[in-house]
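Two complexes follow with subunit A in common, the first pairing it with subunit B and the second with subunit C.
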Partner chain A sequence: METATATRAPPSWATRLAALLQRRSVLPTLLLIPVLVFFIIWNTMPTLWLLGLSFYRFSLTSGRPPRFTGFGNFQSILQDSEVWLALSRTFLFVFSAVGIETVLGLLLGLLFWGSQRLPGRRVALTMLFTPMVLTPVAAGTFWRLIYDPTFGVLNAALRGIGLPSVNFLGNARTAFGAVLAVDVWMWTPFMVLMTLAALASVPKAELEAAEIDRLSWLQRLRLVILHHGKFILLLGILLRTIDAFKTMDLIYDMTFGGPGSTTELVAIMLYRRAFEVFAMGWSSALAVILLLISIAFTATFIFVLHARERRSQDVPT
Partner chain B sequence: MSRIAIEGIAKSFGRHRVLDGVTLDIPSGSLTVLCGPPQAGKSVLLRLLVGLETLDAGRITIDGQDLAALTPAQRSIGYVPQSFALLPQMSVFDNIAYPLRMQKSPNDEIRRRVGEAAAVLRIGGLLEKRPDQLSGGEKQRVAIARGMLKQATVFVLDDPLVGLDFKLREALMDDLKDMRVALGATFVYATSDSLEALAMADRLAVLDAGRLIADDGPDQVYHAPPHLRAAELIGFPRCNLVAGRAGGGRCATALGMVRLEGEGEVVLAIRPEQIRFTDVQSGGLHGVGHVALIENLGADSVVHLDVHEIRLVAIPTTESVAGLDVGDEVAFAIDPASLSVFGAASGVRLMQGASS
Partner chain C sequence: MSGIVLQGIRRSFGNTHAVKETDFTFPDGSVTCLLGPSGCGKTTLMRMIAGLERPSAGRILFDGCDVTAWPARRRDVAMVFQYPVMYRTLTVEQNIALALDNARVPRTERRTRIEAVIDVMQLGDCRRLGIDALDIGTRQRVAVARAIARDCAVILFDEPTTNIEMHAKLQLIRAFKQYRSRLRETITPQTVIYVTHDQTEAMTLADRIALMRDGAIAQCADPRTLYDRPDSEFGGWFIGNPGMNFLAGRADAPGRVAFDCLPVSLAAPGGEIDGLRLGVRPERVIVGPAGCGGVPGRVLRRTLTVGGQALLLLEVGQSTMRARMSAGTIFDPGEAVSVHCSPDHIVLFRNGSRLSMSSETIEAA
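Take a look at the complex of A and B:
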C-alpha cells in the first residue's frame, strides 16, 4: 500500500524544476535575469534619476530641498560661455585625437601587416597594445611623473641634449598638446587593432590580382584595402569618437583641467561643478546634454552600418 | 611568341617541400595543363610563374628572359585565380579598364581596347553589370579580358572551373580553347580533375607531391603513362593496378602470366577499356570474374568484377554488357600489348606493352 501511494504522490520539486528547465524559453530567461536586474539598478534607474534631477535647482551646500525649475538649468547652461568654451575645446580634442590616432593606427597597422614573417613581430605587437589595457588614471599618473619639470624623465632627456626644461602640464601653451599626446599614446593601439582586423577582411586574391595588373601600392590601398576594410575602420573611428568625447579620468590626474581651464573638457567641467561646487541640478542638466550628444554619435554610427546593409540588399541577384 | 622554360625549380614553406626540382618546357601558343591531386604543388608553380612567390632554386625564363628580375607587374602574364578576384564595387567595364585607367591612358583608347577585348571574349553585353551579377564562366572571361589589356602573352589559370556545374564546365572548356586560338597566347592551366585535363590539354604535365611525373601529349600520358602515379591519377574510371612478380623472362600475376624482362616486384596498369569480355583465350592475362556492380554512364557502362581477391573495373563494349546482371559470371581477356609495367617500389615504368 505504501509503495502505491508513493508513486501517486505529486512529483518532487526537483523533477518539476527539471521539467520547467526543459521548456525552451525558461532557461534563457533565467540566465538573462541577473544581467537585466544589474542593468536596471545600475544604469536605467540612475539615468532616469539624472533626468529628473536636471529639472530641479538642487545644491548640496545650501541645505535647501530641491526646487522645480523646469528648463531653467538648461537655459543657464546654454547661456554660459564657459560651457561653450569647454565644448569647443572638447570637439578640438576629439577631432585631433581621433584624427592622429586613425592615421598613426593605419600606418602602424599596415606596417605590422606587411611584416608577417619578421622575427619578434608578436612581441612588438604585445608591447604596442600595453597602453590600451592600462587604467587611464594610472596612465595619467605616470605621465604626470614623466612630464614633471624637475624630476621627470622627459625633461631630464631635454636637459641632456642641452635644451631648457619645459613644464609641459603647467604651461598654458603646452598643456593641451601634452594631454593630447598621452591620449594618442594610449589609444593609437586600438586603431592599430582595428586596422589589422580590417586588413584581415581583405581578400588576398584581389590584392594579388591588383599587383599583377600593375596597380601602384597607393592604388591598391584605395581600391582594394579601403574598399573591403572601410566599415571596420569606420567602426573604430566612431567608437574612439564616442569614447574620446567622454575623456575625464586621463586628464583628472594630469592637469585636472588646468592650467586655468586650458585642458578643461566638458567631462572635467561636469565633474567639478557636481563634486566641487555641488550644483547637482545644473550638473545633471549638463550630463543630459552630453548624453544627447553621445546618442547623436551612436545614431550616426548605426545609420552608417545600416546604410551598408541597405545597399547590399539593393543589389539585384 | 612566349616559350616558358622552367628549369629545376624548388620551393619550400618552412620544412614542407612543395616543389622539388621541377623542369618543364611549355611551348609557345600551347595550352599546357598542370594536373595533380590537391597539395601537389600546382598553385605554387603558377604563383612562382606569376611572381607572387619567389624561387628557392632553379629558374624560369620566358623566351630566354629570366623572370627573377621582374616584379609581377613587369611580367607580361595575365593571372586568373580560382576566385577570379574581380573588384566587387566596380562594373565589368571598370574591372577590365582599371589597370589602364590607373596608368592614365586616354579615355577613347581605354574604350577602344576594352571594346576589342569584350568582342573577342563575347562579353560585350555584360559591361554595365557588376561582378556579383555574373555567372562563373562570365567572371572567368572578364578576368581574362583584364589580362588582355595588360597585353599579356601568357595566361595563367588556377583551377578556374572548380565548383561549376558539369554542363557549364563543358561549355567553358570549349570556350577556353577558342579563346586561346583567338588570342594566340600561351595558356597554363591547373586542375585536379583528370578528365578536364585530358579534354583540354594539348600538353599534359602531371605533378605529384612536388615532382613532375609526366609531361607529354594527353594521349601519350593516358596510354603510356611514364610513372605509376600518372597511371593512377589520370583517367576515369580509375586504372586497374595488378601486382606481379617478374623473374626468368616471365611475370606471374593473379590473372595469369605475361612475358617480361627483369626481376622483382612489379605493378601492371590496365585501363578499364582494355578488359574485353570474351571466351576466346589467346594466352596472356585472362580469367573469370563475378559482376559486383554495374554503373551506367549513358553511352558506356562500368562493370566492377571480382576476380580472386582483385576488384577490376572494366568498360566493356555495349553488346557484351547487354543482359549482364550483378552476380553473373563473366570471362574476360586482356591484350598484353596495351599494358604498362612499373617497378612496384620505384613507380618508374619498366616497359610499355608485353606479350603473352
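Take a look at the complex of A and C:
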C-alpha cells in the first residue's frame, strides 16, 4: 500500500489544465474575456468618461481647468430653445424618413418578392442596393452636384421642361425636403432588404393555405406576412430610427446644417458645439441625452415586440 | 360533381420525374388514400390537384371542367397540411369563420356550419382561445375543422397526422370518421384525397387506396383487396407489418411447381415455372405442433409484438418465412412445428406481378 502511494506521480500541469477547462464555467469565461476587454476599453470607458464630463463646465478654448457643475449642463440644454428646435427638427426628420422608407421598402420588397421569375430581377436588386453601400459623404457630394442650381442635372431637367431653376439646398423652404429625399433614396433599399428577409421567414405552407382559403391580399399581409415578418421589420425600423437619429455626415456634407439652421439636426449641433465651439462639457451632456433617447427607442421596440407574447400567455384556459 | 379526373398528368423537376404520366379518376364523394413510401410522388400529385404545383404535362378535370391552369384559389378545394397551418392572431372560432367569410357563405348558414364542425371536431372547450394556447393535436383538429366547414367539393389531406402524437392522432382519425358519417346527412359528400405513408391510417379511413411507387400509381383498390390480393410483390411487401412472405417456386414435375410451405405441388400457370413466387401473409400461416399435417418446419426466432402477439421466424424446407401467432400459442426457438398455408390465402406472382389463380390451380393444391 505504501509503495503504491509512493510511486503515484503528481498530475502534470497539462492534466491539471485539462481538468480546469472541463469545469463548466471556466472555458466560457475564458472565451468571453477578449470580447469583454474590447467592450470595456472601447465602449464602457468612453461612455463613463462622457458621463463624467457632462457634469463639468469644460471648454478647450478657455484654458481653464474643468469645473464641476452638477446638472448645470443638463439644465442649460433644457433651457436652450435652439436645442429644442434641433430636437424637433430631428424627430420630424426621423419620423418622416423612417416612415417613407418603411412604406416604400415594404411596397418594393413585395414587388420584388412577387416577381421571382422575372428576368433581370437580380440586376434590378443589385442596382437598388447600390445607394446603401455608398459612404454618406460620397452620396452627399453626389447629390449636392445633382441639386446644384447652375450645373446640376435636376435643374437642367427642370429647365428642359420649361420650369425655373430651384436652389434646392440653398432655399429654406426646399432644403429640408431635399436632404430628406436623399436619405430616403439612400436607405429605402435597407428596408427593402428587411422586407425580403421578413418575407423569407413566412412559412410556405401558410402562404399556400392563405391562397387555398381565398384570403384577400390585405388579409394575407395582415394575418400571415406581418405576423411572421414583424420581428424583422420592427428590427429594421428600430435600426433605421437609431441611425436616422444620428444622421450627421450626409447633411453636413450637403448643407452644413443650413440655410440658417433649417437642416441643423441635433447631431450636427452636437458636432458644432464640440468641435467648432469646443464646449466639451455641454456637448457631453447633450450626447448623454441623445444616448438616453436611443435607449428609449430600443426599450419601446422590445416592449412592443414582447407585448403579443405576454398577451398569448394571459389567454384564459 | 363527378369527381376528379387526371389525364396523362406528369410532373418533372429537371431530369427527375416526381410523377410519371398518370391517368386516374377520384370518384365523387369517395375517400381515396394516396399511400406509398417517402418520395414516391404522392404529395406532388396532391399539390397538382390543389393547384399549388403546375403539371409538366396532362390535364386535371374537376367535374369535367379543365382546371389545369387555374390557381388554387379558383378551384373548389380545401387542404389540411402536414403542419397545422393557422392564422395565429385569430381565435379557434375566427379561424374557422375566416374561410367561410371568404367563401361568402350567408351569415345564418355560416353559424350552423361553424357549430357543426366545432361539435364534430370536439373544439367546444377551446373555441374562444388563441391558437398559441393549443397543443399541436388540437391545432390540427382546428385545421381540419376549417377545411371541412367550407363545404368544398374536394378536401385534400397532406399527411395531417405525421407530426402529432399517437393519442391526438387517434382523436383526429375518430373525429374525421365521425364527420364523414354525421355530416354526410347535412353537407354534400365531399371527395377526399388523403396522402399518407401510414398504412394503418389508410386502411382505417379509405374507401379506396391508391398505392404509389416511383411516381406512378401501382394499384388502386379497396383496402381489403389491396391487402389480400396485391397486384405486385411491392404491394405485398409494403402493406402489412411485417409484409407478405415470398417463397420462390421450383420445378417438381413437368408443368408443376412446388413451394416449401405447401405439401403438394401446383399446376404452374401457363406451364412456366421461371420467375414464379408465392406470397402469403404472416397471419395466414398456421403453425401447429409437429406431426399435425402440413409441412414440417422449425422455429428460428420468436419476437413479441404489440398486444402480446408472437411473430415467429420459421425455417420451412430451404425457405424462411414469418408467421403471426396469437398470444396463447407459444413455440420456442429450435422447436419442430408443422406449417399450413391455405390455398385460399396464397397469391402467385411472376416476375413481381400477380397472376390470377385458376380454379384448376387451387384444386390441384
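The rule is short, and it goes like this: the second predicted complex is superposed on the first by the 262 of 317 C-alpha atoms of A that agree within 3 Å, B and C clash if a C-alpha of one lies under 4 Å from a C-alpha of the other, contacts with A are read in each partner's own complex, and residues count from 1 in each chain.
What we mean here is this: contacts are C-beta pairs under 8 Å (C-beta built on N, C-alpha and C of every residue); 3 or more make two chains touch, one makes a residue touch a chain.
Everything numeric in this text was worked out from a predicted model, so none of it was measured.
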Query raised in the report: Is this a clash or a fit when subunit B and subunit C both end up on subunit A?
Result: clash
Report task. State whether A:Leu21 touches subunit B only (first), subunit C only (second), both chains, or neither. Result -> neither
Query raised in the report: So, does A:Ala296 touch the first partner subunit B, the second partner subunit C, both, or neither?
Result: neither
Report task. Report for A:Leu36: first if it touches subunit B alone, second if subunit C alone, otherwise both or neither. Result -> neither
Requested in this report: Check whether A:Glu211 is in contact with subunit B, with subunit C, with both or with neither, and answer first, second, both or neither.
Outcome: both
Requested in this report: For A:Val224, select first, second, both or neither according to whether it touches subunit B, subunit C, the two together, or no partner.
Outcome: both
Query raised in the report: So, A:Met45: does it touch subunit B (first), subunit C (second), both, or neither?
Result: neither
Query raised in the report: On subunit A, what residues does subunit B touch that subunit C touches as well?
Result: 203, 205-206, 208-209, 211-216, 219, 223-224, 227, 315-317
Query raised in the report: Which of the residues in subunit A end up touching subunit C in this complex?
Result: 203, 205-206, 208-209, 211-216, 219, 222-224, 227, 312, 315-317
Query raised in the report: Hey, which residues of subunit C end up touching subunit A in the complex?
Result: 50-52, 71-73, 77-79, 81-83, 85, 87-90, 98-99, 102-103, 129-130, 132-133, 146, 150
Requested in this report: Over in the complex, which subunit B residues touch subunit A? Could you list them?
Outcome: 50-52, 72-73, 75, 77-79, 81-89, 98-99, 102-103, 130, 132-133, 143, 146, 150
Report task. Show which residues of subunit A lie in contact with subunit B when the two form their complex. Result -> 203, 205-206, 208-216, 219, 223-224, 227, 315-317
